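The structure that follows is given in the form of structure tokens.
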């Protein structure tokens, strides 16, 4: 391990872009006319003025049938029912928890939408209300699913499945929500020896592999005694740095891209992955492998 | 940013294992980026970026009258501005305490004449001297401010050009100075021994340098060590929490060795800067 | 602190006449040798000897707790007021806060001090706060702050240490729950000598280096003695690592030596109150 401290000059900054396609899609800027007709439906990131549909954010156009929306690169998370999210408790209130999920408003988790210890069908008593802080307190992390979206856009979450619940030891990463690819499952037990939860809201949780998912997740117990062995730590740290490399180069994060990046990064020491050159290199190699996969 | 107990435990065990959450060892720094001569109105300037921390330092030089108690010395003053651009918490007077803490630590670190010799800034004893204003602007706050600020200050002072005084005429109460008109006829400041600061954080039973924000949250106490050459120019404790005398001594030793390495790294980076560099910003 | 326009502030800058005397022409080395010769200092103390301390409580009758300390010529009054809700704060803080104000009286130093806090005083306030924070059980008064005011009546050196000792005593006099008694000592290095409990003259001498390469500087350390915890450490100057380490040991010992005196003062205060109440 080199004990060297790296101070680089700004002239030597590396360009982190790895775009291989020469075709850049049309980028709309706020106020730009998308289409003069008004037979289209107004989606997110657009507004109507003088019969024209205009963009309100900088981003690319997306069209589903008659619905036109502009998707920006950076945005707060727009929740949809069924999304998997990772969030942090910010406040304990009467019969509900407030949760920071990187969306515009704080999300809520109702006491009635969690599985309390002692069976699913247990009645919620007054004691449970007093015990709320014992289950989840400020600062705790949870994984959950979006149950419904209120009219003001705030989300209501639920953890009524054994795979959701309080998170134990691990590392949280925050990336742009748009960089997390939507897929069937967002819980991955990677073959390299760690689990990741890719929250749709851009919060990514990396933790040691969960062996028997029945009794470790879904509950409110954290094992603070357990010391995670060095080898697993290395895997987690490498995954963390790989995901950061991908997001630095604005590449989508999903199980295959993470695995490829992990494999490509093996030629570097873990802490070398903090260097910009190594980060771009990993991202580039991953990009190439993903392209080959498509072909 | 709040952290839950399990995350703290993970960080803590990692530090014990000498393998931190981003793969660094206890004594490792994150890579930094340095840029000099970026503000053309200033005599010298530098910008340093360490992960999410971004600091811009500009040096202005003026002619002033020396303090009566120190007629042979010039003056140096540090001003820290916590811009609300960095975090909304700094809005209004929010960042004042932090700014005072930073500028005080810098002025005590530069106090000894071995760290920075003010007598070279004297033009005419008791009458005229140079006064250096060091303005520090925090553009972004991502932890480990002391280290980043001290490095940027040192780089900005290295970059500074002191106008060359050719001759001084005294005529009664009037003092006339003849400053060289040649634009490039300048002096550089001697900053070989200017201090750099290292924040040493105690997590569990061990000490680490360059903590990220999660690690700062887990810390039970931290000290800032300013290293000038192979000596210590300032040691001060920051944040809440107290330390056992032996831990204090150990963290000072760690800060001392790391500080020398940091100094070396900065020096090497400064040597690489090309002479005829364009003035720019955020290249 | 805001500027008080109604107060007559006096001249902004004053220059003590001593500076124009010809005495100042002596070199630093001779000045220092006069101060400390063969391990005996000007006031006939040994290098590791503390000045005589006088300390008492209850000097400010309207404050919740107060104390007065004399450390040789240094005289400091500290008063502590009732906890009050933290002003201008919206979020709830689980731990109470400590607010310190360290102030030199205008006439306390050779140079006249202004009514407003200057940067040195602000720095000392921050150091005091740092020192006292870990001594007080802050969790016992959530969302409240305790105000501590230290006023130096005469600066005869080691004023910061004196203020910290007095503040610790004033806090316990006020009945604020504390983990431990706090003591603090200032030490100066110059020309290879380590001088405990500096006078003002020694303090100025320790700040600038004498021509050779030996360490010079000032170290202030505050100790929670029963827990063996250093609650505050501050060093300035130019020291080798070995010197700092040695100073730390010297200072820890010196801090422990003062503790019985503080205990005695507190006990005396309690006994006196009990007797009065009978």
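Letters A, B and C mark the chains in the order given here, with residues in each chain numbered from 1 onward.
FYI, contacts are C-beta pairs under 8 Å (C-beta built on N, C-alpha and C of every residue); 3 or more make two chains touch, one makes a residue touch a chain.
Listed by chain with UniProt protein names: A = S1 motif domain-containing protein; B = Ribosomal RNA-processing protein 42; C = Exoribonuclease phosphorolytic domain-containing protein.
All of these numbers come straight from a predicted model, not from anything done at the bench.
Participant: If I average the C-alpha coordinates per chain and also across every protein chain shown, which chain's average lies closest to the global one?
Facilitator: B
Participant: For chain B, which other chain has the most distant CA centre?
Facilitator: A
Participant: At what distance in angstrom does the C-alpha mean of chain C lie from that of chain B?
Facilitator: About 27 Å separates the centre of chain B from that of chain C.
Participant: Any idea how many Å lie between the Cα centroids of chain A and chain C?
Facilitator: That gives a centre separation of 51 Å.
Participant: Any idea how many Å lie between the Cα centroids of chain A and chain B?
Facilitator: The mean C-alpha positions of chain A and chain B differ by 36 Å.
Participant: Check each residue of chain B and list the ones that touch at least two other chains.
Facilitator: Expected reply: no residues.
Participant: Which bits of chain B are touching chain C when the two form their complex?
Facilitator: For chain B paired with chain C, touching residues are 68-69, 97, 100-101, 103-104, 107-109, 111-115, 223, 228, 230-238, 240-245, 248-249, 252-253, 256.
Participant: State the interface residues of chain B toward chain A in the complex, per the touch definition above.
Facilitator: That would be residues 2-7, 9-10, 13-14, 17, 19-25, 27-35, 47, 151, 261-262, 264-266, 268-269, 272-274, 277, 282-283 of chain B.
Participant: Under the definition above, what is the set of chain C residues touching chain B in their complex?
Facilitator: By the definition above, chain C touches chain B via 15, 19, 111, 119, 122-123, 126-127, 130, 133-134, 207-209, 215-217, 223-224, 227-241, 244-245, 248-249, 252.
Participant: Touching residues of chain A toward chain B in the complex: what are they?
Facilitator: 1, 3-11, 13, 88, 90, 137-141, 167-172, 222-224, 227-228, 230, 233-234, 236-238, 240-241, 269-271, 273-276
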